[in-house]
Structure formats: structure tokens, C-alpha cells
């Protein structure tokens, strides 16, 4: 499971329109190839963040396949003018605290995905397993009051800088804001070491997410 | 609600005057289009900060509209030579501690806007609601001693890296400085985890804020 | 009151000498204009810091005048090749702890200015005013043992990231080093949250501070 | 022992294919020269990190030889377009806690290497040696439950920013993730000050790691 | 006393060999001029760090002379393509804890210099002077077990971001590593707030340190 955040060099937008169009087609082609057999979702962060423009969420059983996608993407014109300011590698696994967790991210079904890397304090891990289980139930119970907000937690221990990557999906930002504010007063919140950066990601097709980069229309046959 | 801080690449000021003028017109046009139906305010930070030149404060009921504005802005010459070093996404909602809070930012009425992202300690959220309410009353009471300073608090839980975006508006920086120094000695201040960066923003029309970037006159028909 | 630290792009020194001379003249002219009626002092940090070359200290009763100076400076060739890695905005006001404090920075009278932004812990502000007064007296008394070291403290609460900007002025760095080391053992030192970055600034005329950037002689008529 | 993480400037991928091929050949030649008599292993981080593309792990008895390799690498076209965002210098030495530790990194034998710099809290060093030994036994015992995961710890005290560089080698990321998550609940984990950044490195020949940079085939005679 | 760490822009290595040779000669000439009457030592960090290539250690009784050297260096071709990622300004003074300390850095006599900026916790300074003296004796005694490791401590209070700059000199990195690891268990170690970045610097003539930048031979007459 991989969250790849991409930021275009502003100089890219100074290239001629037809060059940019080629660049976007190359990028979209690499995505289409991977999406044939794997989950790939695109999101725009134009207007929600200043340090990233586009996010790709990809999933494969084999890390080699994720690597391969990024090798191919790097050959696209887009990546010849872009950096990757944030990158989160993670794996799915069953939760110790709930059996409602999903191992697969569903194909796009909501307007927004809210993503953040997550690290708990070491004091959390010093609690015994039952105590952690008890504390998590309050957290989970509060989440259930918001049935329209979907949660996907993946695991990064030893693989990347964070312990978890948390992704909430919903059509309703105000309701999600409300949930997160209420979660602050739960006991489990005292054991959070880091939950930033926090990304508001707007669900889009790959093509629309690319078009959002420069407002140029992408040719119909690609869409 | 979106605070977008923009920093021009110094190389932009090496372009010819007529090119820069076009760039500013494109940017102003995108703003004018959005401002027709939404709140949009511009501020200059030239001389108050070293890492940002210009701030746009925008508000829309629909996040999609904020996204759209930034897609269009990105096509202006200005954004082809600029970065966004700070970006704060937030929503308005009623305060739990006061019913004087405003859900709408008023159109420009004061010379300065002082803005900072705000995060409270987790110890704050572990207090019970009554205790938090009690502590906030001292804070609010002190604020009321400065009736010429207007406060707008918006909420970012789960949407962006901060919990709140706080914006004070006044004509009198010395009086605001005095208020903030006095707030340090209130009990609520002990629960502040982060209140920086702190921005002194000078209220301006979009055109004047753009002119401040390079001192070139903007054509009369745009203003 | 404004401390503006400027770093030249190394590429600027690759420009031809006459171009650089023009750039320096433009910058010096903007300074001269402001200095006619306001305090403006220049300092070189070449050799004392790696991240900044030049510092301008300016003072005006009106923030608009500081803004205007920076708009004009931005049009000089120097600022078309420079960044502002540090920027501190502050105001003067009477001290609660001493009535010896000065509201005006004196025109240049010593060789070195030592500057740092300063933030106290929130525990400091939780002390009652008398206790804070008592603790500050030890600090002030120690300072009085160094009569050749001049202190200027300005206030940034709510205006910028720091709470204070502290500036010491002296001809004798060894004696200042000694004072700061001794201040570490005072009670007030326990309440320091941040006192870096710390800048050793070498007093100079604007022209000499500019000449230090590239070692090219500045034309006599400008000096 | 040296871990050198390399990030290519995106502009490099805009060069013509034959130029990039020459650059890769120069880099590979420098590696081949060093590998004749010393351990040198290459890893790709394309797709696992956003801030680095390639990692070289090298070992020599003499630091001068490591220095010399990097001087020669710097002359390759690759390094004329690259930066080194992470660099870890370390030495091997016997462990105080286990006599199973290896002084030599084995030549490549697994698909993945997981690397992180490691710093313990000062509280750890304040424990007496027996207590530290006791605590480490739990850590070591848990590691033994994963016999297919190979650990190499090297020492950086005084040589570089971290205290240790820890490298785990395995074919099975899920099993490693499980081990690291379980290690969080051990007593020794309470004494971790820093264990990031954490790198997932994909084992490769130098040539394949270079090919992953731009997807261009490297000529057969070099491989 | 000044430690200046220099990083070349990778683009510099893309210049033609004769241009680079001129750049190195200009830099070496500035160094030679200063070294006539002052201590100047050069070190290479190629292969030991990723963020710096070259370090100059200079000493003069007068800060003005250090400033002047850096003005002249800035005119060399090297500095037109370089940045100074780390810069430490300090002064020598007698130690309160030992009378073995040296006020002068000796001319080069060992292969490696290990350098780091150092800040102690405020709790250290709250101890009374006798207690600090007692704690330092254990530290000093351990150091004496390594007679081949030479220590030079200089003072930066109020002059720069750190309190001390610590430099150890030895031919034997393994023995130094051993000393630093053992020092972690001393009481004084509990009062360390910051001791990074830590630099392994390879002693070299100015010419050899410059040659290490691009592997081009420097003309015999300069050496």
C-alpha cells in the first residue's frame, strides 16, 4: 500500500500546452497499466495543501509491483518536473482491537479522503494489551456514531517513518471535523505522539487530478 | 475557509515589466471571478515576513469551489513563479465556549489581520468540559477589554495540520501586542502546544497586494 | 522595528561587476531614502553566519513605512537575487521589570550587535507578577556589571513567531560571551524556551555591508 | 561502513538517453572498482521513499578507502545531478549484549534491507550495565523468534549524528512488520529516542539500481 | 575561531576542468593569504557526510580578520557555486573545570577531527558550581584514559546557536568511538541537550581538500 504525494515544479506550468499534455498522457498511461489488476486511486490536493498537488494511492500484494509502477511513472514527463514531498509505505493486516477493519481499500466511493501518518507514544505500548484494548473500544465506539465515515488503517512499523497510515473517507468534511474534534477528548488521544501532516484529498479520476495541475483539457481518448 | 500564503521566486522580479503586469492581471482576474459571490480578501506580508509576500483569504460553502479557485490561480503567470509556503484549510462552526463567535469573516474593515495556526496540548482535552469552559471564560473576558480587536476562529481538526486557525483584526498593532502579552498569563495559555508561525498581514485590495510584489503600477482598468 | 536578514544567491556573484555595482547602488538608494527621517542601520554577517550575509535594522512609528521600504528594496537588483532567511518584526514598549530600557535604538555606536529571537516557557507566565519581577532583578543586576554592553529588547507578541527580539551592542565579544555564560546560571534562565538562532552582526555602513557581499568597490559618490 | 542515499535531480531524467547511459556507466565503473576487494551493495528505494532513489552500502577497514570511493563517484555524471539526502557513517564492533552479532555484512542474500539510524535516551545510559543487559535479553529473545530476519547493528558514537545504524535483512516484509510492532511492547523500546527515518531498501545489482532511475536499459557489457 | 562547512552545488562539477581549476586556485590563494599569520586548517568531508564537502577551521584574535577572509573567499569561483550549510563561530577561553585546556588549536597533527556543536540543559546550569565541577571530573578522568585523543573546546555563548564547539583529534576512529560510547554512561551525559550534527573531518591540505571535490589534479605550483 503506497501513498505518493506529488508536487509539480512551478516551472512545469511555463512549458507549452502540448508538451504538458504529452506529460500528462504518459503519466496517465502508467497509471492505467497498473490499474489493470491493482487498486489505484487518484486525488487532487490543489487548494487544500500548498506543498503537494496530487496523490496516488496504490495497492499490490507484491512490493516489487509498487516499485515497478514508480519506475515507470518516473519516465513520464510529469515526474521529470516533480518532487515527492510525502511518501507513505504501509501494509494491511487485521486489527488487534476490532474485527471490522478492512484489508482492502475500496475503489473510490466518497468525495474526500483524509490521510495522516500516525505514531503513538511509547507509553502506549507499555500498557498491557487488555488496557490498550479497553481504551480503543471508546475510540471505536465514537467512530461508530459516524457511519458515513469510512476508516482504513494500514501498518508501517519498520517499513517507513510512521507506525500507521490512517485514511478516513467521507462526503461530508464538517461531520469528519466534528468526529476528530470529539476524538481529542478520548483517553486514547493522550497516547498520540504525531498525527501530522494531515491531508485533505479530493477524489478524482487520474485524468481529472492531472488536469487540475494546469487547467488544460486532457484529450478525450485518454479519459 | 482557506488561508493561502504565496512567495514569489526572486527570479520573477527579473522578468520584464510588461510580462509581470500580465501575470498580475491574470491573478487578479481569477480573484475577481471568485469574489463575485464569495468572500475573498487579500493581504500583503512584504516587510512583515521574509518567507511570504501575499496572502489570500477565501471562503466558500463548498470545498470544491476553493479547489477550483486554486486551479485557476495556478494558470496565472504569478503562480508559475511562486510557491505556497503556508496553507491553512479550516471551517467555521459555533464555539463551545462563547456565542459571540462569528461564522463569517467580515469584508475588510481593519488595517491588519494577525493570523496563526493553533494546536492545544492533549492535557487540555483531558480536562472535563466544564473545566475547559471555566478556563476559557478568563480568556474571553480579557479579550472583551479590547473591543476594537475582532477575533475569528476557524476549525481544522482532521482537515489540516493545525486544530484551529486564529485571526485577529485591528487597526492598532500596539494594542494587539498588549492583549497577546497579557493572554500569556491566563490559565488557558498553559495548554497551548503551538501558536506559530504568526503572521502580520496588511489588508489591501488584490491589486495593491500584487503591486507590492514589484512596485510596478497595475493598469487602471483592472483596479 | 524590523530585523531583515538577507542571503544572496551564490549565482549573483557570477554576474558582471558593473551589474552588481548597479544592484548595490539601487539597494543603497532605497536605504538612503528611508534613513532620511527614520533609523536604519546595516550589519554584515559575512564570516559569522553561513545562512545570511547582511542585516538591516529599521525603525518607524508606522508599520506602513516599514512595508513601503521593503517594497522599494524588492525592486533593487540585490533583492532580485536574494532571499530573506530570517525576519523579525517587533515593537518597542516600556519594560515591566526595569525603567532603564530604551524605546529607541541608538544610531550605530559599537562594533557588534548580537541579536536573537526569544521565547519564554509558559511556566514563566504562570508565576505571579511579583515573583517574575524578583527573578528579573537578578538578571538585570548581572547585566549592570557589564556597563559597556548595551541592551535593547523589543516585543513581538502576536506580531511574529518570537515573543521578544533581544539585541546586545558592544565592542567586546569576549566580555559579552562571559556575560551570556554567567546568565545561564541565573534563575530566569530556567524559563527560556528558545533563544536561537543567535546572530553576531558586524556594524557597517550600508555601503560597506554591500561591498562585503562581493568585495567589489562601491563608487565613491554613493558612499 | 557507510550508507549513502542518493536522490537524482528530476532534471537529470530530461537529459538524452545516451548521456544518461554514460552517467550510469561511470557510476557503475566506480562501484565495480571498489567492489574488487571490498563489500559494496546497491539498493533501490524507488517506490518506497520519495526523498531518495538509490542506496549504496559500502564497507572497508580504512575510512580513507570510503572517502576515495566517494571522490571517484562524485566525478560520475550521476553525482553531477544528484544530492545525498541521507548519509550514515558507522563502524562494526562486538555487541555488549550478545555474541551472535556479526562484524561483517554478508553479501546480498535477501530481497529487502530495512535501515534506520538509532539513538537511545540518556536515561538508558544511566541504568547500570547489568540492568541494560537484562532488558536487552528480552529484545534479543523476541528477535530469535524470527530466524529468517537477519540483524546487523553498527556503531556511530562520535562519528555521525546517530548512535547506531540498524539494518534488518529479510525476504518477508510482513514478518518484519510484525516483529517491529511486537518490539514496541518490550521494555527496551521505552528507551528509544529516535529510530527514523526508516528506509525500505530493495536489493539490486548496481546496474539494476541505476536502471530503476530512468527505466533505460544499461548495456550488457557493464552488467 | 570559525568552523565553516562548504557544500558545492553539483552543477559546479559540470563546468569544464580548466574553469574548476581556476576556481580552486582562487580559493587556495585566499586561504594561503590568511594562513600567513593565522591558523587555517582544511578538512574533507567527502564520503563522511552527505551535506557538506569541505571544512575550513580558522583562528584569529580579531573577528574582523575572520570576516575579511570570508569576504575574500566569497570572490573565489568555488564560493560562487557553493553554500555554507553549517557555520560555527566560537572563542577560546580557559575552562572552569580543568587547567589542561588549550587556547590554541595546534597545527594539523592527526588524521581526523571530530566536531560537534554542544548545548547543555538548563538543569545543568541550575546546579551549583561545585556540583558541576565534581561531575566534570568523572568526564575528564575518562578522557585521560585515551591520551592519543586530543580535545579542543571553544565557547559560543551569545555568539552563535550553540554554547560550545567541541573538536576531538585523533588518528584512531575506533578508539574515539569507544570513548564517546563510554562517555554516555557518565553523569555529565544526562545534562546534554544537543550534540549534533556530528562531523567526521579528514585532515588535508587546502589543495587536497579542494581536489577531493572533483578529483581533478591541482597544479603543482599552488601546492
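Here the chain labels run A, B, C, D and E in written order, and each chain numbers its own residues starting at 1.
Quick note on the criterion: contacts are C-beta pairs under 8 Å (C-beta built on N, C-alpha and C of every residue); 3 or more make two chains touch, one makes a residue touch a chain.
Because the structure is predicted, anything quoted here is derived from the model rather than measured.
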Joint neighbours of chain D and chain A, given as chain labels: none
Copies chain C and chain B - interface residue numbers shared by over half, same or different: different
Fitted rotation between chain A and its twin chain C in degrees, CA, nearest 5: 145
Between chain D and chain C, distance of the C-alpha-averaged centres to the nearest whole Å: 43
Rounded Å distance, chain C centre to chain E centre (Cα mean): 27
Per-residue overlap in chain D, given as positions that touch at least 2 other chains: none
Topology of the chain contact graph, where touching chains are joined (line, ring, star, complete, other): ring
Sequence of touching chains round the ring, chain A onward through chain B: A, B, C, E, D
Complex interface listing, chain A residues touching chain B: 10-11, 13-14, 44, 46-51, 112, 114, 168, 173-174, 176-181, 184-185, 189-190, 192, 196-198, 200, 202, 212-215
In the complex, chain D residues that touch chain E: 2, 4-5, 9, 63-64, 66-72, 74-75, 79-87, 89, 91, 93, 122, 125-126, 129, 155-161, 163
